[in-house]
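Here come two complexes built around subunit A, the first alongside subunit B, the second alongside subunit C.
Moving on, here comes the complex of A and B:
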């Protein structure tokens, strides 16, 4: 069984999705438990794989026993195992949250929802562990098509947002496929490691075709991760989707695409080529600075809670792209650590937004009026997520900034350091605005003495049910744990980074 | 000074008040038991701090490492003499302030008292954490914790004014700590690769050039904005919207002293006095501090709101401490450390008095306090003693720290600073004595109060009497602050 763990990571959700699709139509009640169980099994498999990778090194799993480069290979190193664990855990927590909200928000299309949900997880987890560039394309499309549908299940405006996403996402995927085509023509291989070996063996790094392939693949992946200025599809999609969908898409889709970018950059093209031969680092870091600032400032202009969070995702994508293109060991460690940290931070605040929507039925910030007294535990969970996004120690977000800023200083990219600090401060403004509304009420009383304004509001609002509260508080606890144990996580990441050759190419 | 004792006590001393939050919240429905929990925690905390005093006076340090959080960087506690000095002041005054708070909060029938006492306890944990932090990283951790834990206290009234005050508070404190201190911290970490422990002579020498040192010095000095150095001082008058016990303990002692304490740590344990002297960088900071001292004293003169006047006075007094350490002379550093303790007792007395006046009469403005000495004699005598201590007149503890600060300026020929300190003392007298004078000496027609005597809640009066008496005691017997400051100076300046 443990030998098959790499495949089981995604086979559990995959088979569960088939069962849900078939059985769920007659017995919708089976969908939720099956989803949670299969996601839980997937988390266990990921952890087992992570432990094995840490002990024995890279796992190469040949699907169906076919030898690469002909057959499809799952190739799991420390990075893949770590991200897979985070992705499956987020999938599990978001699934638990969805218990009440799926029937409420999708008009009783419960089995359809969970079928898509499980397929989405299959796609995302597959992207993380596959070692095959074409297989990656298939999985990107699996996760993309399911996310279009998951978003479109929302209210009317969601359909339009999903349509925009379909157009943009399809362009991105086509770019990627085209790039892989170029690589296939030049190297005759689709296996990532094999492509890299062929590139070296044939000495064709100078070829224009490889340059074109690199550009196509990078731009394709950037569209998929909503890297500014290719981000237009994201805000409305995540703001109008059902809260259960945005709770899983928001944390995962962009983060997994960052992982894909790192994977392609380092495993397929190699650090020598990306940062040594092409001198684009400066430009891309400046683009990420723009992404961080535009994302943060746009978030300031929002009054819709989830839209604000969606713009923050765009800023966070800038953090990670910038961190990778600093071409610095610690910057790369920071970026990868931030994939993990940000997945849970985003999950935390999107779960919070979902709970608020479920409880008050409102999307704007004023819905939070006086919630500290009405929903104290929910607010505690939110505070941890907010502090993490601001970067207050000892939450996970502080340590990702810690490593990213170190990378920025060490590589001399001060513009990136300043952008990170400015974005932290803007996040502080954003979240303290929310805290103020929840603490003072939307219209605080004039003068001292009138402390009972909270009573005039809708007193029916009470603490969230356990199925919502548990994932929120678990995520908050995880954020603290990820922060406090950052050294151990970084040790795993360093395993990957030490093989990336980054140190060698720096001036 | 090299010998050290490993003990869990410093950690306990910090977290005991954090743990007290649980009983405080659980006992929220019965106020007496809840306040009992606060008192028990406060006494245990003070007891734990005092229990380490003999070892410190013996020339040892008490250390405990919790864990290595980032490669090479630990969350660690280390109690040395200057940390002990600050720890003693903060934990002792917490007991007195708890007594005072009970009188104040009940006297005014404030809402959400459980929340108030809970966050008060958390703030004290953070304060002691800063005092006993062994390295820059741990220090920063607790510094941030303190900013956030005090926010609900500052904004306690939850009205429009509190919201504005709270906004200013966090804007200043978070902008400076995230914008200035954090990058400086990471820069230092990269450059030195060290564990950033505070050591004699600092650990920066040899790793950074003169320009970098100047920039780092400015980033740290302004970044720890809790010290209220101009132009980052406006949060302090803004924070006066808080209930008075908060202003008294946090914004005259704990929070602001954390700011100057951090700056003292930077000068002594990070940069090193000799290193700064070699680069002649102390002068930059002394001039900024001198400007702050004079400007804030002049502004204080114009304030009619008593708490705001006290706040501006605090801004000035904090800069005395910064100026003292930036003089880079042994007497200056000693005076600066002693001033942490001496000013604390004097200023907390003044705030207690301001709160007692508000409790008993509802008056906030100085112009409304003519003749109040007849109505509240104990309070106003305490106020007079507190003023003397803050001005630095004999028969109050403040005299000694001022004396050392003046000596510090003379010993190195920094006469301009001597003049600044003297002018400031004169200004201090100018903004305090008229209040005392008008309180007692006015004709019947001028007096705004009836002749009957009526003090505030007994708990409050007891608290302010204790701190006033102690201010005088500290003049006669300035121990242990004096020894602790001397030890610390000797250690950090390798004398």
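Moving on, here comes the complex of A and C:
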């Protein structure tokens, strides 16, 4: 059984999705328990794989028993196993949250919703563990199609947002596919490691086709992760989707695409090519500075809670892309650590936004009026997520920023360091504004001094039900745990970074 | 905004063209794609390893069967996505906002022609599915042809006539069962102790040598693909054509 654990990571949600599709039409009630059980099994498999990778090194799993590059293989190293664990854990927590909200927000389409949800998880987990460049494309398609539908199942405005996402996402995927095609023309292989070996063996790093392939793949992946200025599809998609959809897409889709970028940069093209031969690090770091500032400042202008969080994702993407392109091993550690930390902190705040929407039916920040007394536990969970996004120790967000800033200083990219600090300050302003509204009450409207009387009809609002509270508090606890055990996580990441050959190309 | 779009299109086009000069010549036998051990292996070994003469099918359904499974999932997802977005389950207010229900006017010529053609189309679809091992064809192509035959029923008569053969629930079942067949072959190989989708081990449960087991399993997964593609083809048509009411379409 343990031999099959790499495949089981995604086979559990995959088979569950088929069963939900078949049985859910007749008995919609089976959808939710099946989803949770299969995601839990997936988490267990990922943890088993992570433990095995740490003990025995890279796991290769030959699908169909064919030797790569003839067949497709899963190739799971420390990085892949770590990200797979985080992805499946986020999938599990968001699934638990969905219990009440999916029937409430999607009506008669519960079984379809969970089918798509499980297929999304299958696609994302498959992207993380695959070792084949074309297979990656197929799984990008699976996860993209499901996310379009998961967004479009929201209220009316969600359809338009999803339509924009369809167009942008398709362009991104096409770019990626073209890039893989160019790589195949020049190397004759599709296996990631094999492509890299062929690039070296044929000595074609100077070739224009490889350069174009690199540009196409990178830009394609950037579109998919909403890297500034290719981010226009993201805010509305995540703001108007059903709350469960934004709770799972917000943390995962962008983060997995950043993982894909790291994978392609280091495994397929290699650090020597990306950072040594091409001298674009400066430009990309400046782009990420723009992403961080634009994302943060736009977030400041929002009154809709989930839209504000969506803009924060754009800033966070800037952190991670910048961290990778600092071409510094501490920066890379920071970036990867931030993938894990950001997955959980985004989940935390989106779960919070979902709970607020479920309880008050409102989307804007004033819905939070006086909630500290009404839902203290929810607010505690939120506080941890907010502190993590600001970067207050000992939450996970502090340590990832710490590494990113150190990387920025070590590589001399001061503009990046300043952008990170400014963005942290803006996050502090954003979240303390929320805390203020929730603790002291909303600012009274002009001319009405006695606002607290007007809110009496809201007094029915009470603590969130356990199915929503548990995932929120579990995420908050995980954020603290990721922060406190940062040494162990960094040890796992360092395993990958030490093989990335970054140290050798630094001046 | 338009000029921005034009600029990005021009840049992309220039980028794509600039790489063309760097490509190997047309039909160059020494090009990487032709000379690398990957394609060499497929050309020389496929028949010995899988007993399938059509190497495209072997690459598709066996060497890269995992990709093909997820391509089938992509089609399945598209179908489910369209149902979840378009399908109107509540039917309290018929007519409101829905398309106009046309009076049924059976046309003798159209009806008779389609009546004659549909069995032939379906038979041909089965042939394409089953003969994918030897000639161009397979589950995707055959499934599309089969699905088209149901669409033809709906077009030539009306949607209710087609629903007699493929009611909605049956469509969804077929689509799910198709993927279940494909993944089931993978799961069976796993239970027998090999890796996922390693069909060779199935010789333990079907009377065949390991190589023949690959041959037969490929037919099996092609049938699974055909189920899903047939069902989803028709499902997408009926949802789009009836604006999700599944009552009356084009």
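In this section, the second predicted complex is superposed on the first by the 493 of 507 C-alpha atoms of A that agree within 3 Å, B and C clash if a C-alpha of one lies under 4 Å from a C-alpha of the other, contacts with A are read in each partner's own complex, and residues count from 1 in each chain.
Operating definition for what follows: a residue touches a chain if its C-beta (ideal position, glycine included) is under 8 Å from a C-beta of that chain, and two chains touch if they have at least 3 such contacts.
Note that the coordinates shown come from a computational prediction; the quantities given were computed from them, not determined experimentally.
**Q** Looking at the overlay, what does A:335 touch: subunit B (first), subunit C (second), both, or neither?
**A** neither
**Q** Please work out whether A:85 is in contact with subunit B alone, subunit C alone, both, or neither, and reply first, second, both or neither.
**A** Neither: A:85 stays clear of subunit B and subunit C.
**Q** Report for A:153: first if it touches subunit B alone, second if subunit C alone, otherwise both or neither.
**A** The answer is second: A:153 touches subunit C but not subunit B.
**Q** Look at A:395 in the shared chain and tell me whether it touches subunit B only, subunit C only, both, or neither; answer first, second, both or neither.
**A** The answer is neither, since A:395 touches no partner chain.
**Q** Going by the contact rule set out at the top, does A:11 touch subunit B (first), subunit C (second), both, or neither?
**A** Second partner only, subunit C.
**Q** Tell me the contact category for A:298 with respect to subunit B and subunit C: first, second, both or neither.
**A** Neither partner.
**Q** Once the structures are superposed on A, label A:490 by its partner contacts, choosing first (subunit B), second (subunit C), both or neither.
**A** first
**Q** Who does A:417 touch here: subunit B (first), subunit C (second), both, or neither?
**A** The first partner, subunit B, only.
**Q** What is the contact status of A:186 with respect to subunit B (first) and subunit C (second): first, second, both, or neither?
**A** Only subunit C; A:186 stays clear of subunit B.
**Q** More residues of subunit A are touched by which chain, subunit B or subunit C?
**A** C
**Q** Please give the residue numbers of subunit A that touch subunit B in the complex, ascending.
**A** Residue positions touching the partner: 387, 390-394, 399, 401-402, 405-406, 409-410, 417, 421, 424-425, 428, 432, 436, 439-441, 444-448, 450-453, 484, 486-487, 490.
**Q** List the residues on subunit C that touch subunit A in their complex, please.
**A** Interface residues on subunit C, with respect to subunit A: 15-16, 18-19, 21-24, 31-39, 41-42, 62-67, 70-71, 73-74, 76-78, 80-81, 83-85, 87, 89-90, 169, 172-173, 175-177, 179-180, 183, 187, 190, 194-200.
**Q** Please name which positions on subunit B make contact with subunit A in the complex.
**A** By the definition above, subunit B touches subunit A via 68-71, 111-112, 140-141, 144, 148, 152, 155, 157-163, 166-167, 170, 174-175, 178-179, 182-183, 186-187, 189-190.
**Q** Enumerate the contact residues on subunit A facing subunit C in the complex.
**A** 4, 7, 11, 14-15, 18, 21-22, 25, 61-66, 69-72, 106-109, 112-113, 115-116, 119, 122-123, 126, 132, 134-135, 138-139, 141-142, 145-146, 148-149, 152-153, 159, 178, 182, 184-190, 198, 202, 207-209, 211-213, 215-216
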